[in-house]
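Read through the structure below, which is laid out as structure tokens, and then see the notes.
Just so it is clear, A, B and C label the chains in written order, and each chain counts residues from 1 on its own.
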């Protein structure tokens, strides 16, 4: 493979030479991301060291780390991080459980499977806005289906969103309902790829179902499952529309996530620089968490290989 | 207030330049396009339709009014992003009055003071506009109605003017005639509270908060009970008003209670001496806010979630779940539409209740709603002139009467005094009565930060997480620090 | 090629059980679809109306809206918005899939120095709340004239989809056995033939899954569409917002009608690619 003829020496040949092939193939992705994502991110990173507010004419002054300091010492922000962590942890866990159960359900061929599965896949094709609006309606004590059904058993109107716990539950349910199918699909992609003869071999060896799952099935779904956790965590961390529509962060501030907070800071309060600082702190936290996660995943993989 | 001073100078300089060149420019016919950012709803849709039908440029231009209709829920984001990015796309903008400070200080909204002074027609319009509207919709830094009236002229000295009413809004009481004019219910109410069950407009003029609370208690019925001679298929409630966490959906009503009890919000016209601490959480303010909270237990269960915003109360009313609601005139039209409302033929409108004073009269001080429209700062003289012609066209009595007939509303005293006005829409009489009582919240650029924090603290009180006093203490402390930081309090 | 993997079979019992689960899961969507055929007062009726006289009024108002001052009605441009949504999302996801697959192949087969770092940086672009980059992007779009154009929003959505495409497709490439590819090269196959003839066909399912996921994540994007599309390039989610408030609160019927119509294309894309999706990764040989 290494025996490349450099005789014609043209630019194209040099570009496509095997040792350059990696960079060449990665380049388009990096270029698009740089222009559309990284550059604006750096821009707001720069701004986060000034005291810029988009609704003032005053020339921004350089203030160093003041914005970071201000954000990090704000109790409210830590409170929002906590709320976000609760929502992410419960929603992703719920998505994994439901997604996994659904995947097991659909892991075999049965009549009408394709059609029935489409029923389950539909929720994630809806927009956040419509899910928010309709779940809010379902939870509404006077017009809502939920309180209507619960009213068969009680006489008092059922008001889910009146307590912090209820409101958090309402949001987690809507979000998990929407995205469990995503986890299901990824798990399913792994499940159906397990070669059948492995199961046949297991049957001959009289392996218990649990053992069979751990030793045969799990290795096939593992990498996709881990990817599902990674992406769902990242996406849920940004949860905004569902909260903004269902509870507006209420009652009080009990469901106000960090994304809702950053939206208010950046767009309503025009603390442009401060919101940049907060965004970078978020990014830092997510990067650390993701690294920890990837590290533990990789280490376990390495252990298994030994 | 350093910022605004610098800014005032720049803008005055600009305005003078505009005036100087404007005078020397000869009039000639041209194609003029004015792009206007407008929320997507009937009052602005009508403006566009009526413009296309009737507008003739006095300058002989071929003028197009290009309206960028943006859905209400994303209107603020779209406008804010467009302005702060420097896109300079819009020549005119429909705006909430509270946004004035943000976008004037940002250099986006044009100071029209000199233009108005130089134009007798515009002067006449300012003269004819209700002073509460001029105060709330046009002045920045904000001047109170009293300050403007004390000046005695249409254009007060040391005051900058920016906007004109696009849709002036007040809240009024929507009520069910079939219930309130039901004889049996009326007699029962009389027997229980020794008071008139309000049926006519005149009856409603005498309804104060005490009576309103009694209505709430009286009409709260369970499923299966009787109401106005019929068996109820669902729980029923007597009263409702806004108590939602979103945007300004509790402050607008809570402020009314605070003002009526003699309390105050932070008063920007008194800056930089006016304090927040001790004013916002004064005894009177706390009493007012407690009064606001005291009625919520009588309201439909959604009130417990802190989500009972202006649309939810409207929806509950239109679906026949509640007997009255206090809501914006701008949300009145669907109530009369059989497609959206089950009570379209049973509804009438009265003034919003208020607090009975010692002399027996009722104080209805309320928080104004609605939107002015403004010009932006980056337009050529020609566009500015033509945009002002559009302003004159819109605020001409004919246009205004037509707008009122089509779901709009007018702020011109002459139009509201027109003999046909009261009969054009069923809430007009109440609107005229209410408009005299209107004040406005803050207009400074920190408005949104103050509002969001206040809404959050109010929401905690509404959902029972803290007391009225705790809420207002938290609001006062936050505002004091925020405003001191920015030099609005010294 | 190695033999096709077969998954287990189950009978009608499983169908019944899955059907019940599916129905319960689908119920909130079903309710939205039913709402699309209801009048506003019916939509909010309690007890909930399962039987009602259906109306097509909501669907009519998707395409036409009544004038305020006369009896005429105006077209709402919904068909254009619908086309825009399909065109913009389709092109962007396809572009992201192509660009992402190339990068994923490189990351899997021709690791760069600091391979993992690059992969990670690509992932981080997906972590930021989009609101933070709105102002710079808005400015950039205005300066370059991309605001309001198809290419602007398509490029943005492409960037938006690349991280996911790269990571997902890479995980599929990683499952393939490179020894087979090396063997093919020994036999004289060019790298292009190995890539297109061997690797790509083996991960069709993965590509289909990535495309579907990309479509699902892009189809309903709202914030960037609101701020960066013009009147001509507006997408359905932006137009949908008009049903959320104005002179009434949410217009449930109209919203439901738009949601229902907007569900159709993405539903069929998913349905058509479902076979691919379910075939899973068919490995060329035993997992490495």
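Definition applied: contacts are C-beta pairs under 8 Å (C-beta built on N, C-alpha and C of every residue); 3 or more make two chains touch, one makes a residue touch a chain.
Nothing here was measured: the structure is a model prediction, and the numbers come from that model.
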| item | value |
| --- | --- |
| Set of chains whose contacts include both subunit C and subunit B | A |
| Chain pair, A-C or A-B, that carries the greater number of C-beta contacts | A-C |
| Separation of mean Cα positions, subunit B and subunit A [Å, integer] | 40 |
| Centre-to-centre distance between subunit C and subunit A (centres being mean Cα positions), rounded to whole Å | 15 |
| Shared interface positions of subunit B, touching two or more other chains | 77, 81, 84, 234, 315, 319 |
| Shared interface positions of subunit A, touching two or more other chains | 54, 142-143, 267 |
| Residue numbers of subunit C (touch at least two other chains) | 44, 46, 134-135, 241, 244, 250 |
| Residue ranges of subunit B in contact with subunit C within the complex | 39-42, 45-46, 49-50, 53, 68-69, 71-74, 77-78, 81, 84-87, 234, 309, 311-312, 314-315, 318-319, 330-331, 333-334, 339-342, 402, 406-407 |
| Residue ranges of subunit A touching subunit B (in the complex, touch as defined) | 53-58, 136, 140-143, 155, 157, 159, 161-162, 167, 247-253, 256, 264, 267-271 |
| Touching residues on subunit B, where the partner in the complex is subunit A | 3, 6-7, 10, 76-77, 80-81, 84, 102-103, 105-107, 222, 234-235, 244-246, 300-302, 304-307, 315-316, 319, 321, 445-446, 448-449, 452, 456, 459-460, 462-463, 465 |
| Residues of subunit C that touch subunit A when the two form their complex | 5-12, 14-15, 17-19, 21-23, 25-26, 28-29, 31-32, 35, 44, 46-48, 99-100, 102-103, 105-107, 110-112, 118, 120-137, 140, 155-156, 158-160, 162-164, 166-168, 171, 174-175, 182, 185, 191, 205-206, 209, 212-213, 216, 219-220, 222, 237, 240-241, 244, 250, 252, 255-256, 259, 262-263, 266-267, 270-271, 274-275, 277-283, 286-287 |
| List of subunit C residues in touch with subunit B within their complex | 39-41, 44-46, 57, 67-70, 134-135, 138-139, 142, 147, 223, 226-227, 231, 238, 241-250 |
